[in-house]
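Look at the two complexes coming up: chain A is in both, with chain B in one and chain C in the other.
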Partner chain A sequence: MTSRARVLSGFAVFGLALFFFPAFQEAMELPRFYVIFLLSIFFWIAQASSWNILTGFSGYFSFGQGAWFGIGVYSVAVLAGKHGWPFIAAVPVGGLLALVGGLALGLVVFRLRMLGGEIFALTTLAIAFVLAALARLTSAIDGGTGTFMTGTPIPEFLGEFNTAMYRMTLVVMLLTVLAAYLIYDSRLGWGLFAIRDDEAVAGGLGIPAFRYKMVALGVNAFFAGLMGGVWALQIGFVTVEEVFNIRVPLFVILMSILGGMRHWMGPVVGAIIIFTLSDRLNSAGLTDVNQIIIGSLLVILTLAVKEGIYMRMRDRWLTTLISMVGVMTIMAVFGLTTSLITGFAVAMVVTVTILLVPDRLWDRVRRGSDGGGGPPVEDGAMAEAGR
Partner chain B sequence: MDLLVQGIVTGVLIGGLYALMSIGLSLSWGALKIINLAHFSFILLSAYLVYQLAISFSVNPLLLTLVVVPLFFVIGALMQVLIHRAKLDEFKSLIVTFGLFIILQSMIQTIWSADFRRIGSEVNVFEGGSIRLGDITLPYPVLLAFIASVAIAVAMSLVLSRTYFGKAVRAVAQDAEMARAFGIDPNRVAVLLSGVATAISALAGVFIAIGQALWPGLAVSWFGIVFPVVILGGLGNTMGALTAGVMVGVAAGVASVVWGPISAPLVTFVILIAALLFRPHGLITARSVA
Partner chain C sequence: MSLLEVTSVTKRFGGIVALDGVDISIEEGEILGLVGPNGSGKSTLINVLSGFYAADGGEVVFDGEDVSEMQAHQLAAVGIARTFQIPRPFDTMTPRENVAVSYMFGHSRHSLVEARLAAQEWLDFTGLARVADVPVSELTLHQLKFLELARALATQPKLLLLDEVLAGLNPSEIDESVEMIRRIHAQGVTILVVEHVIRAVMALSSRLVVLNQGAVISEGDPETVMSDAAVVTAYLGDRGRSA
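Let's turn to the complex of A and B:
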C-alpha cells in the first residue's frame, strides 16, 4: 500500500468511527457533553489546519483567521438568520464569500510588490478590524444589534441539534484536514515549502509563487469561512464582539505552533491539546487564568519548540503511548478523577511536558537507562536512517 | 461648519496624543527590528496604574508621571534584555509580544474588571476644564498631551540626530555588527532605547488616564490608530510620527463629525491598510533611524 493510500484509508476509518459516535454515545448512555466537546474540537482542528495551509506551508504569517471566520459567520447570520435562507444553502455561501475576500486581499498584497512578511501580518490584522467596524456600521449586516440564530431550522435528516452540529463540523473538519494533507503531499505543497524557505530562490526555480500563494490563501479563507458558517448556529446569538475578537487568531496560532507548522498533522494535534486544556481550565472556573496560561504558552512555545510536538510524538511514539495510557490508568485506578476528559487533559499535559525535553538531554537519559548505550556516531547514523 | 472646525481642532490635538502613543513603537520597530504588540498593553497598564494611584492616594494624576515613567523605563529595559537572550527576529518578536499582550490584557481584566474606570473630578483637576478660543474649545487633557507630544517628538529627534547616543542608535539600526566593530555595544544601546521607548508609552498612558475612561478593550482599539501613525510616519522617525499622528487625528475627527463617532475606527483602519500597502516606508522618505 502506498503512503497516500494508507493515509486516505486512515481518514476513512477515523471519519466513519467518528460519524457513528453520537449513536454510540446514546446507546452507551455516555454524557451528552462528549458530543459537544468533540464538535468543538472539530471546529478548532478545521480552523487551525486551514490557517496552517497558508502560514505553516508558505511562511506568510496571518492574523486574518478571525476575518475569514467572521465572513462565514455573518454570511449565515444575514442570509439564514435575517432573510430566511435554508441553513444548508447559506453555509457554502459563507465559505465562498470568505474565499472571495481572501483572493481579493491576495491580489492586492501579493501582486503589489515584494512586501515583507511583517507587512502582510499587520495587513491581515487590520482586515478583521475593518470588517468588524463595517459590520457594526451597516444595519444590513449587524448594525450593533446582533442576530439571533435560534429561529433558523436545521435540516431534519441531520438529526437533533447537537447531533446535526456534530455531523456538520465533522464533515467540514475532515474536508479541511484532507485538503491540508493533499496540498502537503503535492507539487503545490513542495512549492509552498520552497517559498517559505526562500521565495526568491523558489521563483528562480520556476515555482509560480504568486499563483501558489493565492491558492494557499484562498483555501485557508474558504475552509475558515465554511466552518464559520456552520459555527453561526453554535454561537446562537451572533454579535460583532463575539465574532471578530482576538480569540480565533490567537488559538489557531498557538495550536499550530504547539503541534508543529511543518506537517499537516501538527495543527490537528495542537488543536486537540490546546482545546482540551482550555476547556478544562474554563470548566474549573479559571477563565481569567486560562487566558494568562494561553499567553504564556504562546511565549514559551515560540521560544522553545522548533519543530512542534507532532514530530516529537512520531520520534518517541512509544514514550507517548506509555505516558498517555499510564497517566490515565493511574488516575482511573486511584480514582483521582471521574471525568474521562479531565484524565485525558492531565495525561496530555504530562506527555507534552515529557516530549518537550530537549533532544540532547533526552539522549543522555536514554543512554543512561540503556547502561551506557552506543557511541555518539551510531546515534547520528540511526537518527539519519530514521528520517 | 463650526462643528467641522471643532472636529479638525480636536483632531489635531488628539493627533498629538496618537503620536505620543506611537513614538515608542516606532523607535523599537525602526531601530531594534522588534514589532512590540505588548506596547499597547504597556500604555494601558500605565494608564490603569495612574488611575489606581491617583484615587488611592488622592494625588494629581499628572504628578504620577514621576512614578510610571521610571517604572516603565525599567520594564522596557528588562524586556529587551530577555528578548536579546532569546535571540528573536522581527517575526518571532511579533508572536512573542502577542503572547505578552494577551497575558497583560487578562491581568488588567482580572485586576480592574471589564468595567469603565475613570479618575473622579475631585482628584482629576483637568476633568472638564478647557480653554475657549471664540467658538472653539480646547480641553485640557488633550491640550496637555499635545504639548507633551510635540516636546517629546522634537527632543527625541534632536537626541537621535545630535547626540552620541543617537548616533549609536542609528549605527546599530543600520548594521549592528559594523557598529560593534566601531566600539559600540549594540545590546546596551538596545536596552537603553527599549527603556526610553517604553517610558514614552507610559507617558502616553498618563494622559489617557487623565482624559478618558479606561476599559481593557482600549488596547485593541489602539491598533488602528498606532499602526497607521507608525507606518505613515516612517519607522523610527519621531517627527514623522507627530505629522502622521495629526493627520490620523484629523481624519478620525472629521469622520466622527460627518458620519458619527462609530465610523472613526473604520476610517483609521482603512488608512492603515492603505498605508501598509502603498506607503510601507512612510509618507516622508527621509528617515532618522533605520
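Let's turn to the complex of A and C:
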C-alpha cells in the first residue's frame, strides 16, 4: 500500500466515523454539546488548513483570512438571508466569490515584482478593512444593520439544525484538509516549498512561481469562503463587527504556527489544541486569562519546538498515544472529570508538556531508562522518506 | 550555428552601465571561460542569461530561439541552468529533496515519485549520496557547491552557467571540482565558467572571453588571450605591461 493510499483510506475512515457521530451521540445519550464542540473544531481546522496552504507552504504571510471568510459569510447572508436563495446554492457562491477576490489580489500583488512578502502581508491586512467598510456602507450588503439568518431554512435531508451544521462543516473541513494533503504531496506543494525557501532560485530551476502562488492563494480563499458561507448560519445574526474582526486571521496564524506550518497536519493539530484549550478555559469561567494562557503557550512552543508540535508528535507517536490514553483513563477511573472534553484537554496539556522535552535530553532519558518511550528518531525520518 | 548567441546586451543599474553592448557566442559542446576583474560584469551577465535580471537591450538567442524576453523558469525549461557563487540551497529540504525538486521542474516535467528515484543519480554523480538525507545545514561549503551542481544538473540542461564554483575552496577541493566539471562536460553539457582562479579556468576552458567594465575586450584561445596587452592592463593597470 502506497503512502498516499494509506492517507486517503485514513481520510475515509475518519470521515465516516465522524459523519455518524451525531447518531452515536443520540444513541449513547451523550451531551448534545459534543456535536457543537466538534463542529466548531471543524470550522477552525478548515480555516487554519486553508490559510496554511498559502502561508505555510509558500511563505507569503497573509493577514487576509478574515477577508475570504467574510466574503463567504456575506455572500450567504445577502443571497440566502436577503434574497431567499436556497442556502445550499448560496454557499458555493461564497467560496467562488472569495476565490475571485483572492485571484484579483494576487494579480495585483504578485505581478509587481518589486513588492516583497512584507507588502503582501500589509495588503492582505488592508483588504479586510476595505471589505468591512464596504459592507458597512452598502445597504445592499449590510449597511450597518446586520442580517438575521434565522429565516433561512436548511435542507431537510441534512437533519435538524445542529446535525446539519455538523455535517456541512465536516464535509467542508474534510475537503479542505484533503486539498492541503494533495497539494503537500504533489509537484505543486514542492514547488511552493521551494518558493518559500528561495523564490529566485526556485524560478531558476523552472518553477513557475507566479502561477503557483496564484493557485495557493486561490485555494486558500476558496475554502475559507466556503466555510464562511456555511458559518453564516451558525452566526445567526451576521454583523460587520462579528465577521470582520481580528479573531479569524489571528487564530489561524496561532493554530498553524503552534501545530507546524511545513506539514498539512500541523494546522489540524494546532486547531484542535487551541480551540479545545480555549473552550475549556472559557467554560471554567477563565475567559479573561484565556488569551494570556494561549499567548504564553504559543511563545513557549515556538521557542521550544520551532517546527511545530505535530512534528514532535510524529517522531514520538508512541509517547503521544500512551500519554493521551493514559491520562484520559486515569481521569475517568478516578472520576476526576465527567466531561470527555475536559479529560481530553488535560491529556493534551500533559502530552504537549512531555513533548516539549528537547530531543537531546529525550534521547538520554530513553537510553537511561529504556522503557515506555517512543520509537527511535530514525523511525520519523523513515516515515518522512517514505512519504 | 552557436548554441547561445548574445548580441549587444546592455544592463544598467541606475546610472551605472554594468553590461555595455556585450556580444558573446557559445558553441555547442565547448567550455567557455569568462574572466575579468571585479565589477567587470561577469555575474551580471550570468544573471541576465539565467533570467534573474531583465536586460535593458540586446538579444539572446538560445538553440535557435529568441529567449530575450523569457523569465527564469522558462529559461530553465529550454535548457539553461546555473549555480550560485554563494550556495543557495532550499534549507528546509534535505540534499535529496533539493535535487528532486529541481528534477521535477527543470527542463522537462516529472512527477514527485519519479523525482525521488531520479535524484539518486545526481547525488551519486556528485558524490553526495552519503549526506543525501541530512539537513543541508550540516553540509560543508565544498558539499554545498556540489549540491549546487547536482541541482543544476538535475534540470537536465543543455547549457550550464557556473558562477565561481571554485571560490572559497582549498587547492585539493579545487582539483576535485575541476575534475567534476570535466565529467559534466563529458556528458555533453555545454558550459560557461565564470572564475577568478585563473589556473583552473586556463585548465578547463577551450576558449576564453575577457570582460572589462561591461564590455568584451578580448577573446580567443586561453594562452593568447591571457598575454593580450589589453587584458594585462585590465587586470594589473598600465604598469603591469612593462613589468
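Keep in mind that, in the parts below, the second predicted complex is superposed on the first by the 361 of 387 C-alpha atoms of A that agree within 3 Å, B and C clash if a C-alpha of one lies under 4 Å from a C-alpha of the other, contacts with A are read in each partner's own complex, and residues count from 1 in each chain.
The rule we apply is simple: a residue touches a chain if its C-beta (ideal position, glycine included) is under 8 Å from a C-beta of that chain, and two chains touch if they have at least 3 such contacts.
Keep in mind that what you see is a predicted model, and the values were worked out from it rather than measured.
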Among the partners chain B and chain C, which is in contact with a greater number of residues of chain A?
-> B
Which of the two partners, first being chain B and second being chain C, lies in contact with A:203: first, second, both, or neither?
-> second
Between chain B (first) and chain C (second), which, if any, makes contact with A:158: first, second, both or neither?
-> neither
After superposition on the shared chain, which partner residues are touched by A:133: those of chain B (first), chain C (second), both, or neither?
-> first
Check whether A:185 is in contact with chain B, with chain C, with both or with neither, and answer first, second, both or neither.
-> second
Based on the superposed arrangement, let me know which partner A:262 touches: chain B (first), chain C (second), both, or neither?
-> second
Is A:246 contacted by the first partner chain B, the second partner chain C, both or neither?
-> first
Answer with first, second, both or neither: which of chain B and chain C does A:357 touch in the superposed model?
-> neither
Using the touch definition from the top, say if A:119 reaches chain B (first), chain C (second), both or neither.
-> first
For chain A, give the residues common to its interface with chain B and its interface with chain C.
-> none
Chain A - residues contacting chain B, complex = 61, 108-109, 112, 115-119, 121-123, 125-127, 129-130, 133-134, 136-137, 144, 246, 250, 253, 257, 288, 291-292, 294-299, 302-303
Any idea which chain A residues touch chain C in the complex?
-> 185-187, 190-191, 193-194, 196-198, 200-209, 262, 381, 385
Can you list the residues on chain B that touch chain A in the complex?
-> 35, 86, 90-92, 94-96, 98-103, 105-107, 109-110, 220, 223-224, 227, 231, 262-263, 265-266, 269-270, 272-273, 276-278, 280
In the complex with chain A, residue positions of chain C that touch it | 50-52, 71-73, 75-77, 81-82, 84, 88-93, 97, 100-102, 104-107, 109, 111-112, 133, 151, 155
